[in-house]
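Pasting the structures in now, so scroll down.
In the two assemblies presented below, subunit A is common to both, partnered first by subunit B and then by subunit C.
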Partner chain A sequence: MRILSRAAVIVAICGAVAVSLFPFYWMVRTSVAPADETFSQGISWVPTRIDLSGYGRAWTSGELGRAMVVGLVQTLGILALQLVTCVPAAYVLAKVRNRATGVALTMVLVGLLVPSQVTLIPLFVGVNVLGIADSISGLILPFCTSTFGIYLIRQQIMSIPDALLDAARADGLGHVRRLTSVVIPIAAPGIAAFSVFSVFAHWNEYLWPLLAVRSAELRTPPLALAAFQQADVGYDYPALTAGAVIVTAPIVVLFLLAQRQFVHGMSGTEITE
Partner chain B sequence: MRRRLLPALSALTAGSLLLAGCGPGSGPAATQVTAPTDVAKCDPAKSTLTISHQPPAAEAVAVAKQRMAARYPNLKINVNALQTKTYDEFTRAVVADIAVGKRPDLIISGLGQIRFWMEQYKPAPIDAAALPATYRKQFLSAGTLDGKVYVAPAQVSVPMMAVNQTLLRKAGAGDAAGIRTYDDLIAAARKVTAMTRRPSVTVATYNIPDWLSQGFVQGAGGTFVTGDGRPAFGDKLGGDAISLWSRLKREDLELGIVMDADSQAAFAGGTAAFLMTSSASIAGLQKSIGDSFEWMPVDLPTVNGQRGPMPAGGNGWLVLSDDPCRAAFANTMIGDLLSTDGVMAASGTSYSYIPVDSAAAERLLASDAATPQTKYAWGYDRELTPWGGWRRGEVTGQIVDAFRTMAQRLQSGADAGPTIQTAVRAIDSLVSG
Partner chain C sequence: MRVNVKRSPGDGTRRSMRREGLVPMLLMAPAAAGVTLFVLIPAVLSLVASLFRVPLTGGAWTFVGLDNFGRVLDDPAVRQAIGNTIVYSAITIVPSLVLGLGLALLTNAAGRGRPLVRTALLLPMTANLVAISVVYAWMFSHPGGFVNQVLAVVGVAPVNWLGEPGTALYVVALVGVWRTASLTMLVFVAGLATLPATIDEAARAEGIRGLRKLVLITLPMIRPTAVFAAVLAILNSVQVFDTVSVMTGGGPLGSTETVLTMTWRIGFGYFDLGTASALAFLLLVVLIAVGVLQRRTLSGWGR
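Take a look at the complex of A and B:
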């Protein structure tokens, strides 16, 4: 009976994995199949021949190399700024208890409820007033902090016992040293989890770069892929899926590298006093 | 140290929150355009021309920019190559630019959005006399509003039907060229469906429902929009023409696909034998289909077999300059964009737009890239009408939504009469303000 239930669990997990991986498999399969097999009748699991011309078009026409460098600078720039702003903010909201931080925490929670599209136009006007539209700064600065990041990291810091921080203070450590020497190492899984979220979100972000970027030199990966999705002339699916494979690869690698920290951060780890 | 640090961290928190959620107010309002002056009176060194366009126009812009640089070496030209997927997205991006005071001088406009631009941003009419001698002037009607040419059509398309000739032959359903009426289409579709045991027609309802509806009505010789921009398709002919979706659904002949890209995919994959879409997609379909099966683009069938004028789809160039000299340079650049070389770049050989230049059309038709399929677009020489033409350009998006609702209801089998009349009333109320 126990063996049967274990087998059922394994089958269910395998099924879930297969369902999750199928779109990736189909993306890769379409990217290497000849164009006339993209929508051929029935399901052909393996292309009759390998055609890599979609990768060539994605790389050259879509200028994916340059777009990925822009995407990398944008994503890492945003992440760096978010960590600089969110971690101290999360620390204050978690461990400094007064009326101001209570109000600030309420604002964070309200901020979580505001859809990002609502702030899009004010942000666009803002970056134009600041003269940073159509620049890498215009891609990065509007996202220099994140209410989600503040909240997620705060929750992680909340699990650090006050006694530990009191002991650090008794040893003469100020807020900065407590933050850098005690809080950040313990909250690292939460910070890593947020980092993965942030990188995913901004690497894949389409709407803001679409609004903020005018120069071909500043196109991010999702903008570069849009060249193959023209409603007027139809989609170039082999190039589109090839581009998607190229653009997704760094994210998959990043996730595999940060997987342990990500799961740890999301599951939360209590430290007992 | 601790006392100073706490307020600093609190300030950082507050600053982070403000940056996360807030931003400044609205930008400057749209201004009226001034008419272009004589370009000879303008100093190129004192002007910077800004062009905004979508990806399919990139090649033509490169050609025109080169020609302008040769003619006016001191004129600076900024090109905003927006990576938008649809004309709606593009319009939103340009409107956002105008709102923050970055009004471009020359933009590409979807031919269905001329009224919006004209009413909201008062562009100066195009100097049609300055267009190249080989420009096919009959296409200017697609960019004309109230007797003035506001848009010079550049990449033009018409609604058409693609037919899988191989499937038709296998099903004994005749020849694609023989399908002129809805009855012909339904008879052929019945045979194909009987053979394949699945619906064989796809007429997507999300992307271009207004344009296809206009094609159905005008193709049958009906009137789609009155001269003063109100709906005219509520009469018997209009109702019969637009009821195609529900007729097909009643016989279970339509696949029920809403997105145009999915509809094209169903045709390219051999699932659908009949696809109604834009002639601009012929080149893409050709690439996707390859030698898998024999297919042909043909005119849209109509309810009565007539061949009325189709609405022009695609795009054209519109001068938005608020400076007379930049407007003059923009008009000159339109001449280069629509030169034979510009049109060659814009229409072929990787695209299947209808060439707006007669010399370019001849060259494309004589080229190795000419196939029986691309020849349909490259050789199209019939009368075209403007797309839409509704009053109150600011409600263009809502009008398309009304058509989308109507088409999707018909596609799902709703009764044609009341559904079409509801759409007529909704659109009439929108355009009446």
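Take a look at the complex of A and C:
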């Protein structure tokens, strides 16, 4: 009986893993298969030979090469701005209590409730008024700060004992020095978790770039892939799936390298082991 | 800086005290400006815009009262989109939650393979939605996609999954479940990890196992986690956009059009930002209701 239920668990796990991974497998398989095998009769689990020409077509005629650069600039630009704005604010909201920080904290909590999708239209009008529509600034600036980032990093800073900061203060360290030499090193896990989350969220963001960008040179990776799909590439599935691999790979690698931070950033909790 | 501490109380200390009060404001200022400019003001404006006729690239707004709401709710295409969103949500939220919990329990039962299994099951959550939509569209393509190849093996004629009004929404929903279950699983894994080991021992001592243990002990104890997972699943479903946009573009015959793709179409296809804002505002009402529901459920159970 025990062995039976153990076997059922293992079968269920294998099934779940297979369903989870199958689209990834099919994506990679199609991308490395020769084009003339795409529509073969019957199911071919493994291509007869490896043909990487789809990657070349995705990179050049799909313009994913340029899009990757745009994506990198956009994602890292947003991350840098968010860290510069969120970390100090999180520190102040965690450790300074007065009327102004009370109001600011309420602003952050209200902001957390507002889904970005709903603010898109005013944001779009605003970006046009500011004259940064269809520019890299238009992709980056609206996300220059993050209420989620402030919230997550603040949670981490709250756990720093006040006594430690008081001691630093008695040593004559001002707010800025206390932030850089005491708070940031201790809050590093929370900051790392948020960073991973931010890169993940903005690399994958589709709706805002779709709105903010008109010219082809400014397309982010998801945008370029969608445009490639909608363009007249017929049924060049090796190139399309190669494009999908290119867009997916950086985040999958990031996830595999920083799974702990990833989980922390997504769920607000840490995993052990 | 040390000088301040050593100096006797007086002018210097007071000045440093005042500076101690000013510095936090300066540290907070960039974030406060960002949140105000890019989150709070747009949120208020989205309500205001829904009462106006809004030109696409700036210029004077004309007040039209509740006209936009009336227009949007009268539009059969919008009603269809709202209906589709309800159907989509109904068929993704519950399966995502049940599967997510099941996957989390399975992961915990995986023994030594646990980190590996967890990594594999979390991958769908990390996938770029546009990329994975391209892959699913290919898998469900007509007539030569993977699914139709499998059907051919068992002698079933190919189905135009994404081209038929009767099936397209379900295929998009399948992608939604595939991904959202991975997300809710993550939340459940984190929640289950907070359960003290003594609970397991006590349950074993009492002879409570399996489904009974799940319903009587585990679920009530991870109630906040379950609510959080539900909120994430609801938010993901109600705001579905990327998959629809890439896989079907809202078609065929509007059968996969959702509230957000419709907002997009009205705003940036028909350049009617006021009406689009009205629809977006209706979405906001639903989302805030979800947030309030979460608050109430959680506080009710905290007692």
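By our rule, the second predicted complex is superposed on the first by the 208 of 273 C-alpha atoms of A that agree within 3 Å, B and C clash if a C-alpha of one lies under 4 Å from a C-alpha of the other, contacts with A are read in each partner's own complex, and residues count from 1 in each chain.
We adopt the following convention: a residue touches a chain if its C-beta (ideal position, glycine included) is under 8 Å from a C-beta of that chain, and two chains touch if they have at least 3 such contacts.
Since this is a predicted model, take the numbers as computed values, not measurements.
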With both complexes overlaid on chain A, does A:46 touch subunit B (first), subunit C (second), both or neither? neither
Contacts of A:3 with subunit B and subunit C, given as first, second, both or neither: neither
Answer with first, second, both or neither: which of subunit B and subunit C does A:163 touch in the superposed model? neither
Looking at A:89 after the superposition, I want to know if it touches subunit B, subunit C, both of them or none. Which is it: first, second, both, neither? both
By residue count, which of the two partners contacts subunit A more extensively, subunit B or subunit C? C
Contact-wise, after the overlay, does A:236 reach subunit B, subunit C, both or neither (first, second, both, neither)? first
Between subunit B and subunit C, whom does A:175 touch in the aligned arrangement: first, second, both, or neither? both
Considering only touches as defined above, state whether A:226 meets subunit B (first), subunit C (second), both or neither. both
With the two structures laid over each other on chain A, which partner does A:123 touch: subunit B (first), subunit C (second), both, or neither? both
Doubly contacted residues of subunit A, that is, touched by subunit B and again by subunit C: 38-39, 85-86, 88-89, 91-93, 96, 100-101, 104, 107-108, 111, 114, 119, 121-126, 128-129, 142, 144-145, 147, 150, 174-176, 210-211, 223, 226, 229, 235, 237
State the interface residues of subunit B toward subunit A in the complex, per the touch definition above. 1-2, 5-6, 9-10, 12-17, 19-27, 52, 54-56, 80-87, 89, 93, 96-97, 99-102, 155, 157, 207, 260-261, 264-266, 268-271, 278, 280-281, 283-285, 287-292, 313-315, 351-352
Mind listing the subunit C positions that touch subunit A in their complex? 1-5, 19-21, 23-25, 27-28, 30-32, 34-43, 45-46, 49, 54, 56-58, 103, 106-107, 109-110, 113-115, 117, 119-132, 134-139, 141, 144, 146, 149-150, 152-153, 178, 182-183, 186-187, 189-191, 193-194, 235, 239, 241-242, 245-246, 260, 263-264, 267-268, 273, 276-277, 280-281, 283-284, 287-288, 291
For subunit A, which residues count as touching subunit B in their complex? 34-36, 38-41, 85-86, 88-89, 91-93, 96, 100-101, 104, 107-108, 111, 114, 119, 121-126, 128-129, 133, 142, 144-147, 150, 174-176, 210-211, 213-216, 219, 223-224, 226-227, 229-237
Where on subunit A is subunit C touching in the complex? 9, 12-13, 16-17, 19-21, 23-24, 26-27, 30, 38-39, 42-43, 84-86, 88-89, 91-93, 96, 98, 100-101, 104, 107-108, 110-111, 113-115, 117-126, 128-129, 141-145, 147, 150, 170-177, 179, 200, 203-204, 206-207, 210-211, 221-223, 225-226, 229, 235, 237, 240-241, 243-245, 247-248, 251-252, 255-256, 259, 262-263, 266-273
